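Could you have a look at this structure, given as structure tokens, before my questions?
A, B and C are the chain letters, set down in written order, and residue numbers restart from 1 in every chain.
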Amino acid sequence: MKTAWLVGQKVGHFLAVLFLSSLVLAGLLWFSPGSPGKARDPMNFEGAVVDTTRVCITRTDCGVLRSVPTTPPKSVDVLFGDDLRTFPATDVVTQGGAAIDYDTVKLRQDAVCVGDECGVLTTYPAAGPRTVTVEVDGVLEEARAMDALAPGPGFLAWFGGVFWGGVFTWDIGPAYNGEPVLGLVMEGAKFTLPIVFGALLLAVVVGLLQVAFLTWLPFPSMRGVLRTAMLGLSTAPVFIIGYFMTKAGILPNPDVWWIAPLACIAILSLGDSNLGELLLQMEGEVRRLRSRDYIHAAGLRGASAFKHMLPGLVLPLSSIGAAKIAFLLGSVVIAEVIYSVPGLGELSLKAAVKPDPLLLVTITVFITAVVGLVALVRDLLEIAIDPRVRKAQEGG
Amino acid sequence: MSAAAYAPAPGAILTARDVWVGVQVGNLIKPIVQGGRLTVPTGGILGLVGESGSGKTQFVRMVMGLSSLEPGVFSGSAIYKIGDTEPVDVLDQIQEFSPFRPPGVDELYPERQRIGWAWPLWRRRFRQRLALLRRLGVGFIFQNPVGALNPYLRVGSQLVEAVRVARPKANRAEAEEGALHWLAEVHLKADRHTLGLYPHELSGGMAQRVMIALALAGEPKFLVADEPTTGLDSHIRLEIVGLLNRIMGQGDLSGIVISHDLPMIARLCDRLAVMYRGRVVEEGPIEALGNLKSPNHPYTRELKERAEALAQGKHRRSGSERADAGGTGVVVGRGCIFRTRCGLYARAKAGSGILDTARCEGDLPALDHIAEGHEVACFAGTKLTEAATWEYGEADHD
Amino acid sequence: MSDFEFKDPSESEEPQGSFVSRIGKGAVKDLITTVLRWRHADYRLLIGSSVLFVLVVFRIAAIFIDVDQLESYLDSDDSGGFRGGGAAKHVTKYCRAVPGLLLGNDRNGYSLAMTIVEAVEAFFEPAMLSCAIAILAGTLLGAVAGYFRGGLLESGIKLSLTVVAAYPRLILVIVAMGFFVAYMHDPGGAIRLRLTMMSTMLGVAYVPVLALAIYQKVGQFQREQFIEAARAHGLSDKRILLYHILLANCAPVIARHFFYLFGYFILVETSLSYLGPQYGVPGSMPSWGNLLAGCSKGDLFSPAVLAPAMAAITSILGLTFLGDAIGERFEKGRT
């Protein structure tokens, strides 16, 4: 069915943009100091294959394994006069050439010999640390086996498996305070999403009321003045409105939990030119629609003009709304901090100064997903309501 | 102004007098139609002719209550007398509803009694006015067919809606039957498939027919067709004209046809009104068009010439046409506004004419009786007959 | 379309009575209308231009003012200007209206008027930087995409701009801030760099908007006849693009968005500075957001609160108006 193809196209576009935008952010994350690509866990040499397996000797230096860790031979230190040297225990013999009995030998007393030289023993045989040889950037490096780290995941593996896989398994990684990142994001979203959508709804409702009022107003010259006054009033930045509201006594009250989010909704819908611009755009749409002949024709026929205007209004309004959501999600940061609402905005600011890049990236991807979803809903609405869109696809 | 001045003309279904339409631009009001007058005889069709920008559409829309000017200013009277009902002045009704007068109106327009603002669609008073017209039984065929059909609704639902105008008590089945009937009337395939089409799926000619069906479905007694064939291919145009001829020829339908296509008007209409730059310059029976030699306003003459030239395949551009291309709106000033294009005036200026050029420059000609039921706004008046033969005598030498 | 008044043409002269009464009633109104009439967008252009002018004047004045080094009024002798003498004894320090000082003093005890002027420094150059980046990148991408249509280039540009536009702008700024802090060993010491990077990010975030506007405009003009004529005359694509399309026709669009972005930048900068010195400008640098936050303990309507708030609102509003007015007046083909 052609509609299914259209729908699939829109969904595909959404997914593609989401994928690409998260890819860009993940790439940024990858090269930052907090990168999850760094080696972290100790290396397990079971099953390690020489010349194939990758090992990291520091958090960032990784290379190919050139030797498996083997139990090194025990060694002893022998003092030749002032010269202290280490030898494998098996190379050291008594003066007579026999093997040394380490249970009875006396340190710094009994003479021992290595080859032709003789000195005194200073240590009992002890195994050295297991070492491995790793070729890093063409240079053979030796490192203790217990210091070796398992290499971090490759970028694609992390991006696909841990990040996006983590969305489904609910585990992306830890945040700065040890809590799972995804959990923090969801906790924050519980506040931020209702605030943002509530602000949008409020702005749309108030805007529609204003449009109706301006249309009713029998003084056409006053309309321009009122419109400009509304725009001017709404240009006040969110923090200034919030400031004055706080001063005027609308404070976040711990006993009444819904005051703070409600206040956020109020200042968000009004400030940062949200309401003003929304009003201007809606009025433009309504005016454009009103002058259409089919509305006049319907009026002449006695049909409800409202019923005829509705589909013509829903689409532009939803486009305006979808654009506004992105803007609101930006402004909500300020509003949340003013009213101490523990939402995504406040969380992102905290993540920015900690810094916790993983949390920041996850929040951003989440917000981007929300914005994209709203745009997708709007596109689907258009497919449902406007028959011309469906026809364009059929026509090819 | 006493009520007598605005009484309906006898035997006329619509009498429009002194209609003045303007739109407010900034602090000024730009007039679009001035002194508009129309008389549509009951059972007859009036053809309104003029080039684009002459204000004919705005004039008729205002008279029908469909003005989309915002903010629009208008005055005048448009009296409908349909059947035995009381005559109703549609523009009069508006006066009662507008509490606000534009400033300074009384000084500038001492003769205008009624000035109102064109109100947007959903104001109750506006809807009441439209309801009035609906009760009287009027229909409107819009200029752009695709624009006049709601693109979000199927043709069927819009037709059903229109059918319910005339028969409010019809149930769904009856209304659909009615819709199919009207589709057949306009020579479209009357089946469910057509009802299910969306407007963008219709061709230009089909959309025009659907619009005619929509207008007819309300069973109007008064029908207005605004440029019904503009923008259509020529063979479709012929069909639409034939359709309109058939529909409007049916006994008791009166109406107005607006066009700049003179031959179509000649075919369809009983009366003629010619508009130039917002003013009606000629009004009379369709026979007054006659042939090229008949006495007409110089502008009507020019239109006839052009139609003739097109019909014969000649492309004759008179110099005066180039001199005055595409003006819109009423021109304000002294004297006759047509004189920049008027062949008579040019000849009189050159010294060999029948006109008194001083009058043309000084005064605006009012509609003047030159024959039975035929009025022309030209100072040449009854001398137009002379002007005709004389001018065309010369033209034959080309 | 010419302006003309409706006159009943049958009246060849205006009657004396109405002329006199019109003089009496509307002389002043007519005068104002006549003065303003030549500007199609009248009061918006006026407000916007005055706001811009004031901002530029303030910025220049701010070069000479350095509030930190101004003597606090408590120390100064009696002398003219804002530091009135005799005031020293009567007044307490913070965020109060003070006789002798034009607007009172701010949280540090300095003259608020001076601080307000100096606060323009906080956003002026960074806003210019943002706008420059947005304009350069946006114009380039939009023009290229609009001119060379139908190829991989256009699709690629559109896709990348869609990705950039997917993030809310303020969030991008915060992300930039986060990564900056993560990378730098001493984020406190590299404050200027942080601010520069944040303004860069805001400029980048605005690129899709401007690119879309330019893309549409270029597409519009590409269809015009004179482009065909220019091509027929052998002008190179680059020249056509640069001179005929961009300079001649897109300049108003660019100017309009320049002012929109400038206003938006002021909004963002004051908001972030309000939230705190780790988000916006450092605490020692005055900013309107700073000033408002610093005086939050004072009276609600003291000048220390109203002045920065009004300054911010007026600047943002004025610049937006200026952008609108320029668009309406100069852009061809825009209602």
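Definition applied: contacts are C-beta pairs under 8 Å (C-beta built on N, C-alpha and C of every residue); 3 or more make two chains touch, one makes a residue touch a chain.
On a predicted model such as this, the values are computed, not experimentally measured, just so you know.
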| item | value |
| --- | --- |
| Centroid-based (C-alpha) most distant chain relative to chain B | A |
| Chain-chain pair with the highest tally of contacting C-beta pairs | A-C |
| Chain nearest the global centroid, as defined over all protein CA atoms shown | C |
| Interchain centroid distance [CA atoms averaged], chain B/chain C, Å | 51 |
| Centre distance in Å when chain A and chain C are each reduced to the mean of their C-alpha atoms | 32 |
| Chain A-chain B separation of Cα centroids, rounded to whole Å | 65 |
| In chain A, residues with contacts to at least two other chains | none |
| Per-residue multi-chain contacts in chain B, two or more chains | none |
| Touching two or more other chains - residue numbers and ranges from chain C | none |
| Chain B residues touching chain A - in the complex, by the definition given at the top | 24, 64, 66, 68, 70-71, 98-100, 117, 120-123, 126-127, 130-131, 133-134, 138-140, 142-144, 147-153, 161-162, 165, 198, 200-201, 214, 218 |
| Residues of chain C touching chain A in the complex | 44, 159, 162-163, 165-171, 174-175, 177-179, 181-183, 267, 270-271, 274-275, 278-279, 289, 292, 296, 300, 305, 309, 312-313, 316-317, 320 |
| In the complex, chain A residues that touch chain B | 215-216, 218-220, 287, 290-303, 305-306, 308, 311-312, 385-388, 391 |
| Residues of chain A touching chain C in the complex | 17-18, 20-21, 24-25, 28, 32-34, 228, 231-232, 235-240, 243-244, 247-248, 272-273, 326-327, 329-331, 333-334, 337, 348-349, 351-357, 360-361, 363-364, 367-368, 371-372 |
